[in-house]
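Please find the structures below.
Each of the two complexes below includes subunit A, the first together with subunit B, the second together with subunit C.
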Partner chain A sequence: MTVTEVSVNLTINGQAVSVPEGTSIHKACESAGIETPTLCWAENLTPVNVCRVCVVEVEGSRALVPSCARAAEDEMVVQTDSPRVRHSRKMVLEFLGSSVDLSQATELAEWMRHYGADPDRYDQPDLVAERISEEPKIQDDLYIRDYDKCVLCYKCVEACGDDAQHTYAIAVSGRGFGARISTEFDTVLPDSACVYCGNCIGVCPTGAIQFKTEFDMRAAGEWRPDEQDVTTTVCSFCGVGCNLELHTQDDRIVKVTSPADHSVTHGHLCIKGRFGWQYVQPPTRK
Partner chain B sequence: MFGAGGGTSSYTEVEETDVVLLWGSNAREAHPIYFHHLLKGLDNGAKMYSVDPRRTSSSKFADAWLGLNVGTDIALANAVGREIIAAGLHDTDFIAHSTQGFEDYKAAVEQYTLDNAEEITGVPAHAIRELAHDYAGADTAQILWTLGITEHHNAVENVLSLCNLALLTGHVGRWGSGLVPLRGQNNVQGGGDMGALPNKFPGFQDVEDPVALAKFEAAYHMSLPNKPGLHLTLMFEAMERGEIKGLYVIGENPADSEADVAHARKLLDGLDILVVQDILMTRTAEMADVVLPAAVGWAESEGTVTSSERRVQRVRAAVSPPGEARCDTDIIGDLANRLGVDWGTPTPQDLWDELRSLSPLHAGMSWERLESEGGLQWPCTDLDDPGSTFLHGWLWADDLEGRDPAPFSVCHHEGPKEQLSDEFPLRLTTGRALDSYNTGVQTGGYASPIRYGAGIDVNPADAERLGLSDGERVRVFSPRGSVETSVRIQPDIPKGLTFTTFHFPELVDVNQLTNPEWDPRSGTAEFKAAAVRIEPITKEQPEQLTPSTDPATKSANG
Partner chain C sequence: MADLFFGDDVADDIEIAAVATAIGAPTAVVHETERLVYGGTHRRHDHRHLLLPALHGLQNAKGWISPGGLNHVCEVLQVPPAEAYGVATFYEMFRLDEPEHRADVTHVAHVCVDAACQIAANEELIAELEANGEHVHRSPCLGQCERAPAQFRQGIGGPDSVPADTVEVARQIPQQGDPSLRLLRNVGVVDPTSLDAYRANGGYQALAKAIEMGPAEVCTAVADSGLSGRGGAAFPTGVKWRAVAAEQGRPKHVVANCDESEPGTFKDRIVMEHDPFAVIESLTLAGLATGAENGWIYIRGEYPLATARLENAVIQAREAGLLGADAAESGHRFDIEIRRGAGAYICGEETALFASLEGFRGEPRSKPPFPTTHGLFREPTAINNPETLINTLDIVLHGAEDYRSRGTERSPGTKLLCVSGRVSEPGLYEVEFGTTLGQVLDLAGPLTGSGTLAAVLMGGAAGSFVGPDALDMPLTLEDTRERGTTLGSGVVMAFTDEIDMTDVLVRIAEFFKNESCGQCVPCRVGTVRQHETMVQFQTKGSLSPQRRSLVDDIAEVMVDASICGLGHTAASAINSAMDLGLLSKSNGEGPQFREGS
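Right, the complex of A and B next:
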């Protein structure tokens, strides 16, 4: 209940900023109206500090620092748009884009334009950047896993584990380019510890883990985000009162999410809330 | 005990509490997102005791699991109370200032020594003692329960025996301490709040209170009954006596969900007229003379629902209802108009504003505030009231805000109505599975990869004794009927106990077995305790009720 309200004062891009002690540089930037790109950070997860997209320059610090994981300090001088930061962000985005399919990482596309990142420049006639190139794993009617899109940001692992679900069905296995988000012994998902809450899908920034309904609609060329509406309502499957965001297209529900800032769910749902809506649709109901 | 019926605490409080008693609840599966808040509490260092006959998926997160015999909750709670008093851990100041009836309670629980309780409940005395000392010694502690407490013939006494523990220790009316019944449906709290109880007007105002009666008669421009009506169980008894000849069922599937369901179906069949208003063709709808197709409340209608933390939130229409389906409020309004009462065509907001004018608990929750603040917790009495995170703070006020001290309740152990016998030597209890919901009408509509279908969980030792193997087809008999199902050998089920869900009535009509004995105060049947016998199906017996459809792909009309 009690929050120690001690303020720290720092400078970001020459602007004086005051935030409560313990605030991350990322949040401090946000409070100063400065947007920061990130892949592995989310409002409802503990920072795991792996994607390096959000780096900033801190005066006196030899290396660039990840803004999501470093707390703001008194008298800190931060640059978020210095040549060094811009160069680093561009390179990280290019390297990721050279080996991973970022076509569904919609937020990232704008940042890539912003920093002039061009992953294709690594593809020379005699030297093509290596890609995962695996067929999507389709092992049930609810999820698909497409490792060509995975940037190993760990968000799904965190949501499945300590940060929300505490099911621990997935972790990173393998090393280097062979590293994958995997179930135990790479067993098929229905045989794993997975309880299909879909919270991994909820946090995935690239579409590497995806609702099968969305995957099928995309494959059929029927997925049209521009025509979709989002309506917030309350789940009907128990008395907890989880807020659902119903994504609808052509008067049909096509996807369900939950707002990350909602005090009941913090963006997380269970299998019934995430998938139990299908009875609403015709032709089930006439 | 305290007046208005609602969980005392907010979800965020369980993240900061010190001790949690999860009693008769498998929240991990039945209330998964509440369990996320509870897990935060455990991550923050809270200690959790799980009190449940089954070692559930929730129990596996607990520091200790107290696997009591089905229906011995009062004996256990009284033993906890007695131990707290005997060890001098009760809050004497709180008891003196805020409660009444302590001496009677103390005398009543005297017989529930740790040893006696071990005898009755099957829980080791040292575990009861440890729970008592941790609960009483904690700065903040919560008791959470669900249907494991309330689906018994003495449901209300079960609840009161838990409330006694909170009064004994002062674990109520403060941030982090409280009594939390987790609600099973998205608006079971709201339904009660709105007066869908036989003895209450909206806002828990009593129909027998002349002042409340006069207020509602004036507002509704008609005279109203000043005696309580019938709850569901009494309605079925009145049907049996031929006093109820017509039934209007809205969004309920009693032809699948009632205990001793074969008997319930016979009564529904004998009605002169059965009208069912539902979103799908349930088994009850199939029996109806008239079916009124309804829009889905949470996806095709505008309105509000109220959660287990008394939070009123908006539901909104996202898609159009199919065919002739219409919103419940429109159907009911038109029906009233046809019956000769002009209700006009009020909008959901009009109805809400009427409620606010009549229920002081909701007066401050304007439609605009519900929109802009994303939900408000009652009581919220005026527009400046931020709502209430927890209830019963008055217990800690110097003058108790003018109220009477909260009463202890004397409750004694009785056990399940249906005793085990040579003919029916096993206990059957029922409950929910993570991916399914009630009679499966809605959750039958999606293909869950973790749906393990209908089956009866049996302890390995019982299975061995009865010569049963995993997956074997068996017939389960209770004094009321029998069903065919499959055995699932389950080490988490104690010896002598069996368990099944009730999600697949088309495949296994479990409620043919359950006991309709009910609590006279709540009207809830004893779904949690039937006596059964399991017999292997031999080749000579005719195979009945063999499932021909895969539960994962069956139609939603379950």
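Right, the complex of A and C next:
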């Protein structure tokens, strides 16, 4: 059986682009070799289009359009580098940089340089821009949540809920600048619905949720990504065949991920694959 | 059924009874739609849309939502507790921490702190209430601007109430009884609690005629009349109805957007309180015209009298066969379900309203897709506010041509205007489109106090200020647009030069900061930065050059990149005030607010 693919033809930055119907503007840009910054978008999650860093200008549309969620249409005329687009992208990055700690959001740093974002210009001697200021939540030995790094991209909520785990241990609570990712009544994780799959860690773009190992090593000044090796293997706990990427530093496993494009896991694991490696290197074997 | 985890907290008997009362006896529409309900792309929560009513039940029973109460609701409705907590914390009227109330506290007094009440000594009311030992909650606009300062009592263990609801109708509608009134003709004249009285005064004639005409002809009449939405966006109603009518094969909905929360707006409240049957009749008419079986009323939580009157009207209409399996003998099923909001300005945005009604956080969705194809429960939906809806009764009864004989070519018909501020007869006025701003202010009597007119806020906090030079401006969609302002939801709020506009503007900035849902970055952070700027201006009397250079940058990204209208308009009133010089010192030598102004 042959499936006829319907194409749509659009113009991006003056360049004619043809993509299959249903393709997002973001993907259409990618196929035309145009890179687009993203934050709340991920290959393995439903687009929520909340961060607005991927906005583009579409002719005939009053406001800018989120390229991650909007499908490309026939005869669409898209600008990805117009003054309005550059301004909005720069401002979104500045707004985030001026309100949360982006020190571990390495990808964003490059885009901030690219767009000339200067988060410091919001602070003055007599006016300190309001920031999110939260103590890290350390409630168990597996992972920590440090919400002054949180950009509220909703990825962890999606991974915990509909898009992967269907556990619904966390959700967005509150409103506006006071909105936070939270369990019910901010109850501690061990008393919540959390099953410690760690899929929230896997999708967090800023280090707001991270392995306790990484958090402790960073605190001790021992976290050296440049010296880490990544070894791909298959999880040995059951027969599903999840791919694991073991991140090792000084021959010790420091964290575990799974490739987002892997057909079995789509980047998501369970508690055993994510955290069940301590037996390889018990303290007694040190 | 989802495999949900619940903590150890359990509800007590009072909470269990309150939840049962709130959601225990689903009425016709709920029963019809239960199996159709879904929320997100992968979500399917059969009873999720009962979450908001259940939370109201808990809040009312104890004055807060306890962990045990929340667990109980989540178990009954099969909603994850973390999500229900996220929903509950979204709303102004719910609290999730145990209050230190005395046992005999019967209510919390919400007092409005927005513009109309701000300039009407609301702080004195707050001080007085607090001196009397009342628990005061400083609230955003309560929709009672004609009788500022406004107060709303949120009941604990008893009903909610508004002390000013005893005020006679004539003080709310100074034109009461004027034979030229179209939309307000029943107000204060026809008993709002009696279907018989409504019918004796011509009620339900429009619906009967609409059934005779058939859906296509009704949609044509509405389209030909040139009626456009009265909430601010002015989208052509006929286009919306036809789009929904054309959708086939899926359940369809008509929604009355009664979540009137734009500061300065109280028109829909007065219509609902004093002519509720007109809202029910016109929503039924919309349902039959679009082929929707399900009617919903989403009314803001701070409108207890309007809610009671609408509930009564629905019951009476159902008993009379005007709603139900064969609504008004049309051969079609149509019924109406009423839902209360819980204090969130954003839920007046149509897609946020859908999310809220479905039992999710009131976060707007990206458009497209539009409500006409993906509205409530992602099904085709026509959503209109009460003022827009009741216009259609006149159109059906007397025809599009008659309707167009009032107003102007491009803005036909009449408009409800909420006049407040420093005028001696504030209230709801109905005028033909094209009436000038000056004429409207004349209707509302001389200015109060000893000052002269300094500015008029048009369209609410999301609108803009105009100066006294705009008194000759005809109030039409086209003229206001041409003059760079808006009719918005019909707010006309007068300010004299005795008023410190900086305080008003700081509060407007605070309003948007508080009401931003927090979903998108431009609005979540932009409204905070805007508020900081205003506070700096207020405390220092000027802006540092550094901040001044940011004012336009902040406004531009909110307008360009926010998801919804809240962010798009959050800088509008403030920017217009700057342009008018309302913030510079009166001697003209004051600091300039932004570069180039």
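As a working rule, the second predicted complex is superposed on the first by the 277 of 286 C-alpha atoms of A that agree within 3 Å, B and C clash if a C-alpha of one lies under 4 Å from a C-alpha of the other, contacts with A are read in each partner's own complex, and residues count from 1 in each chain.
The rule is short, and it goes like this: a residue touches a chain if its C-beta (ideal position, glycine included) is under 8 Å from a C-beta of that chain, and two chains touch if they have at least 3 such contacts.
As the structure is a computational prediction, the values presented were derived from the model and not from experiment.
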{"item": "Room on subunit A for both subunit B and subunit C (clash or fit)", "value": "fit"}
{"item": "Subunit B, subunit C and vertex subunit A (Cα centres) - angle in steps of 10°", "value": "110"}
{"item": "Subunit B versus subunit C as contact partner of A:126, first or second or both or neither", "value": "second"}
{"item": "Which superposed partner A:174 touches (first subunit B, second subunit C, both, neither)", "value": "second"}
{"item": "Which superposed partner A:249 touches (first subunit B, second subunit C, both, neither)", "value": "neither"}
{"item": "First, second, both or neither for A:82, with subunit B first and subunit C second", "value": "neither"}
{"item": "First, second, both or neither for A:185, with subunit B first and subunit C second", "value": "second"}
{"item": "First, second, both or neither for A:92, with subunit B first and subunit C second", "value": "second"}
{"item": "First (subunit B), second (subunit C), both or neither touched by A:162", "value": "both"}
{"item": "Touched partner set for A:268, first subunit B, second subunit C, both or neither", "value": "first"}
{"item": "Least C-alpha distance (whole Å) that remains between subunit C and subunit B when both complexes are overlaid", "value": "5"}
{"item": "Residues of subunit A that lie at the interface with subunit B and also at the interface with subunit C", "value": "162, 166"}
{"item": "Subunit C - residues contacting subunit A, complex", "value": "2-5, 7, 40-43, 67, 70, 80-86, 89-90, 96, 344, 361, 366, 368, 513-522, 524-529, 532, 536, 540, 544, 546-547, 550, 553-554, 556-557, 559-563, 568"}
{"item": "Touch list for subunit B against partner subunit A, complex", "value": "11-12, 16, 30-34, 36, 39, 43, 61, 175, 182-189, 279-280, 296-300, 305-309, 311, 313-320, 322-323, 325, 374-375, 434-437, 441-450, 555-556"}
{"item": "Residues of subunit A defined as touching subunit B within the complex", "value": "1, 139-142, 162, 164-166, 189-190, 194-197, 229, 231-244, 246, 248, 251-253, 262-266, 268-273, 275-280, 282, 284-286"}
{"item": "Complex interface listing, subunit A residues touching subunit C", "value": "46, 49-53, 55, 63-64, 66, 69-70, 84, 87-88, 91-92, 95-96, 98-99, 121-122, 124, 126-127, 129-130, 151-152, 161-163, 166-179, 182-185, 187, 191-193"}
